[in-house]
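To keep things simple, chains are lettered A, B, C and D as they appear, and every chain counts its residues starting from 1.
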Amino acid sequence: MDILSLFVVIPVLTITAILLLKDTHQVRMVSAFGMGLQLLMAASLVFLYLTARHAGNNDEMLFVKDYLWYKSLNIHYAVGVDGISVAMITLTSLVVFAGIFASWEVEFLRKEFFVSLILLATGVFGFFISIDLFTMFLFYELAVIPMYLLIGIWGTGPKEYSAMKLTLMLMGGSALLLVGLLGIYFNSSPDGSRLTFNILEISKVVIPLPAQRIFFPLTFVGFGVLGALFPFHTWSPDGHASAPTAVSMLHAGVLMKLGGYGAFRVAIFLMPEAAHELSWIFIILTSISVIYGAFGAIAQKDLKYINAYSSVSHCGLVLFAVLMMNQTAMNGAIIQMISHGLMTALFFALIGMVYGRTHTRMIYEMGGLMKVIPFLSVCYVIAGLASLGLPGLSGFVAEMTIFVGAFQHPELFYRIVTILAVSSIVITSVYILRVVAILLLGPTTNEHFEHLPDAKWFEKISVVTLIGSVAAIGLAPFWLSTMIGTSLHPIIEKIISLNPF
Amino acid sequence: MINFSYTIWIPLLPFLMFILLGLAGHKLKPKLSGLLGTGGLGIITILSYITAFKYFFTSEKVDGAYQKITALNFTWLQFTDKLHIDLGVLLDPISVMMLVVITTVSFMVHIYSLGYMKGEKGFERFFSFLSLFSFSMLGLVLATNIFQMYIFWELVGVSSFLLIGFYYQKPSAVRASKKAFIVTRFADLGFLIGILILSFNTKTFDFITLTNPTGSAIAQGGGIAFLGLSVMTWSMIFVFMGGVGKSAMFPFHIWLPDAMEGPTPVSALIHAATMVVAGVYLVARMFPIYALSAPVALKVVAYVGAFSSLFAAIIACTQTDIKRVLAYSTMSQIGYMMLALGVAGYGGHEGLGYMASMFHLFTHAMFKALLFLGAGAIIHAVHSNYMTEMGGLRKYLPVTHITFLIACLTIAGIPPLSGFFSKDEILAAAFHSNKILFAVEYAVAGLTAFYMFRLYFSIFWGKDTHYHHTLHEAPATMTIPLIVLAIGCIITGFIPFNKLVTSDGRILESEIELMIAIPSVLIGLLGIGIAYIMYRKESTIPDRLAATFKYSYKWAYNKFYIDELYLFVTKKIIFRYISDPVAWFDRHIVDGTMNAIASVTQSVSFRIRGFQSGQLQKYAFVFVTGAIMLAILFIYLWK
Amino acid sequence: MASIMFILFSAMIVIFSILTVTSRKILRAAVFLLFVLVSTSGLYFLLNYQFLAAVQLTLYAGGIVVLIIFSILLTSHISQKFESSGWKKNIFSAIAALTGAILCVITILDYKFSATSQAAQEVNMRLIGKSLLSVDYDGYVLPFEVISVLLLAAMVAAIVIAKKGAPKTIGSPTLNQE
Amino acid sequence: MNSGIPIQYFLILATMMFFAGVYGFLTRRNLITILMSVELILNSVNINFLAFNRYLYPHKLEGMFFSLFIIAVAASEAAVAIAIIINIYRRFTTINVEDVNEMKY
């Protein structure tokens, strides 16, 4: 058994174990154990990866394993990682781990809840380790579908509507994506040899430009739907608002990153010419996402909506940076994915905990919580500061890398758009501070809130894990940035060599 | 070469204190945590003095100029081969000077806070925030590159936010902290854009490379033009925008008066002595570029500074909240410094303004911290911020009275106090460069003397107010810093700044020009005289004057309605005309489109579900007919 | 002789088929069906498939029709006339059926069936029995087994479905409540 | 034994029987009569099988066996169908096919 497949096998084993359990109290222990193991695996993967790189292994992908799966279409179960996937896997295991603890007190159908949650995680892990387009798509779908159940069954508010909307829009996206992937597949060998789904093999050939022009937008939009690309982002506010805590965390923290990761790894990496040609359209869309999401967040009254719009803004920044197609901006995009993943998971965890106490998410119904639940409030402030890009926390590193990178673009148009995107940092601070001021500061407005209990041990584990990671990236971004940068190098080289701009 | 690598501990120690007090503060006894914070700062104050001594007096000069020493530098985040954020320690005359200023004032404020904040809830939190601020401010001044400066720039912003909002249950404090953060954040946007443009053109962040007067970065400046100004000019104007925000220059000054909602020691440290001069420091840091490559931007600096100083001085004459008077006074004095930088040139005698600006920064830190701490002592005793509720306090608070008087005389520019020297240099620099600006500053000098003594007389003299409780002098922890700073006010004027801190590191020959010094003292005395007449005793003159110039008084009293303008822009335009429509648009147009697609699909399905009638025979009929049709089609029609 | 028999049988089949599907009385329809089935077995005799004809008589005419009649007795009155379907439905169905029939007939008449030169095989019981149980190329043991399983399943299913008082095993829960 | 009757006659006969069955299937409302129509259809198919077997491939037995199996299937089908019909009658007290439309939409 190779180490990467373990990332799929461990969740599956955990699920099996949960299903065999009779006692629902043990379910969460088993889940926590399984996902803790996964976190350890991720840590050791980082270690192994860095050791291998240090030992001079300069392959594009490490730990590659390839099993033929379906012969006539040449589908393989092919796995492999580079620095980017390693970083994303680490992110995922962190968020899932924190998510398990954030949903410690789920009572209703607990067993089924954890099974769905871990199934979702399985899909995400599988997605990040795959280097075969078809397998990747399979895991992608595997991640999307449990979402429907998780929101539809354990959600709040208009959960059926939200679940339906989210699933339908994501499925619509994956329909486009499937067309795009098949388009890539059928153009994967212009010289008439065997067609392939393997990313590494496809990256060595040049897909004919007319085909790229058709399939690049399809693939990009397909992934873009998941990455909350304007105007396909509207599932996100409703979906997040209705989802239970851990699902919001996982969804905003990890699942939305599949979009950015896919857009980068598939759409741009495999079809750089069309990407370069068409990037201006998507640059405009993504910068609209960035500004528009931030402005949208200002006007919201529901904590989760605020955060959902903020995610639109931040994820817009990811796609924005990816489209700039230079080393620094892409590096920033990856860091932003990780940083936003952690931050937004933290946010949703805290919102869930606050909601669990006050039973409302409307900011105007709360106030002065800092005095009542200081631990959670301080964590909320930290999350907010991370989100508005305070140095020392991860958001700053990511945003600055993106901005500096994007501003190195040789064309004036892109630089001007970058300045527009930069202005989002102000708007972000407006809505973050607005929430912090209304929610946490000021006098305690409602006497019912005077005696709320502060965080319990499992909530602390969840929150501290995330804050620790956010601060770690913020204080010492160098190792992460280098790990990603090294892996980006061959990709950038391919893109640059084809587009001497 | 002297080894300066220990200087890393100067910012690092407060950071460790912050972590310690922030994480474990609530477990320690409040007193212990206060002492820990103060002790940490005491150590780095000593370190700073040692550094200053070593730098100014024992380090080697090359070609008669102080060198920029990079004591420590490591790459924190790599963007491209050339662009990377480093963290490190850069020592040059201004950063060393700032070290001394910051650690001194901060140390004094720490001691003062031990008394002032005694018994407050969140005592240890206060000290951990103070440590965070000290860390950030020291990191800012020691920055080796512009991006490091930006990092710490943001950090001082956030520590200011946290400290202004220290009384987080007070809605006005929350509002003020929010305002301060957002306004400065908006200005920082300009700073960031400036950095981006600058780095795009020069491909470096490093200060030494950037400000090397013969280096490639400055030589590049003339280049590409946009709206008639060179790229370098644009980037410098944007960078200056950051400075405008942090230093509360017009038009980003609105946060500073509100920031007085924070505890008074915070106002003294952050909003008088250190953080607000960061903008001045920024311009000084980039000065060679401004002077050599972007003279237009430098002009902007000068005019913004001059206008702000006049504008703030006028408002200060009408305010009644003593901390707000001081806040406007701060703004006015920083305007002075900006102006001085703006009229300076690089090197030689042209650099007088630069030197004067730094000098004034130094002296201002002392006397303004003193004024604020004195005001704190008064508020501590009286429990009110309004000078209309004070009067005759000289009897109750003798130490505070004397030190406050010294500070007032210093700011009024009365020799031989330090303010006289620095202000005189500024006026001289302005006089040699631009007569209009000189006239403005001359008037401001008079106004300054007037409003400061208005304050002084109303508090310590004036009518005898009856207080609800017996007033008593502040404890020693509060008076000692007052005395130390008062001594500072007296002696710092004699520091030979022209030998130490100049634009090019060389000694600048300058002497007091009597032609300028005498009139400036005279106008100061005139201001004091008018204040004496109006406020020494209770009198009706101020009210009558206010009635005569009703409209102008009202405008000045309401700060020229700038706040209202901002409120209009933010509340009306941003919230009502941008955010709400965006939210509406998103819910109804974008999401509406998605929902419309869904509902169209649904209604079509409802239409066609009639086929699925459950009537077996209908199905069969359709099937048979279809089969027949297909048969006909394939056998006869498809040939 | 054969042609006479053929004409007789086919006339009976056609007439009674039509009567089966048009008769308004259900029991009568069942009896007409019986006539059709019997005539069909006559045709089988004519084609020299005696075994099959016997099967047809016993199974179809004997078994199924009796079953049908029983169920008729269980579910409706013997003389019950059911209301005729709407004339629209009748007409459209008739048109569809006629069109189909004409189409098929035209196709049949168009096609030239080539006569075979192979010698006919004697179909006797021995051969049938052997073939049914043979595993050779020409053997039918597999379908035979499948059919036996099917019959068994049908038997069990019929019992389970028709069993009274145990509706939980079948049907949707909403139906149970009625 | 090919007694001069052309194979087409058999086929046409089967066709008529078949479409009579189809007509019945489409028009009758009583489930039992529908079942009878199905029997007609099955029978017509049987006739076809046997006719083809006898006229075109007399040396083989496929058609005959197929018919045999069809009869078996028809028997089991009738058994199950009648069980279902009785059950439906119990629940709906009718075996009118138009009233049994729970599965619509």
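One rule holds in what follows: a contact is a pair of C-beta atoms (placed from the backbone, for glycine too) under 8 Å apart; a residue touches a chain by one contact, two chains touch by 3 or more.
Remember, predicted model here, so these are calculated numbers, not experimental data.
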Chain located farthest away, centre of chain D as origin (C-alpha): B
Chain A-chain B separation of Cα centroids, rounded to whole Å: 36
Separation of mean Cα positions, chain C and chain B [Å, integer]: 98
Geometric centre distance via CA averages, chain D-chain C, whole Å: 4
Rounded Å distance, chain A centre to chain C centre (Cα mean): 63
Sites on chain D at which at least two other chains make contact: 22, 26-27, 102
Contacts with 2+ other chains: residues of chain A: none
Residues of chain C touching at least two other chains: 89, 92-93, 96-97, 100
Which chain pairs touch, all of them: A-B, B-C, B-D, C-D
Residue ranges of chain B in contact with chain C within the complex: 617, 621, 624-625, 627-628, 631-632, 635
Chain D residues within the chain C interface of the complex: 1, 3-5, 7-13, 15-24, 26-30, 32-33, 35-37, 39-40, 43, 46-47, 50-51, 54-61, 64-65, 67-69, 71-80, 82-87, 89-92, 95-96, 102
Chain A-facing residues of chain B, complex: 75-80, 83, 85, 147, 150-152, 154-155, 158, 165, 168-171, 174-175, 177-178, 181-182, 185-186, 188-189, 192-193, 196-197, 199-200, 574-575, 578-580, 582-583, 586, 590-591, 593-595, 598
Of all residues in chain B, those that touch chain D in their complex: 609, 612-617, 620-621, 624
Chain B partner contacts - residues on chain D that touch it in the complex: 22, 25-27, 34, 97-98, 100-105
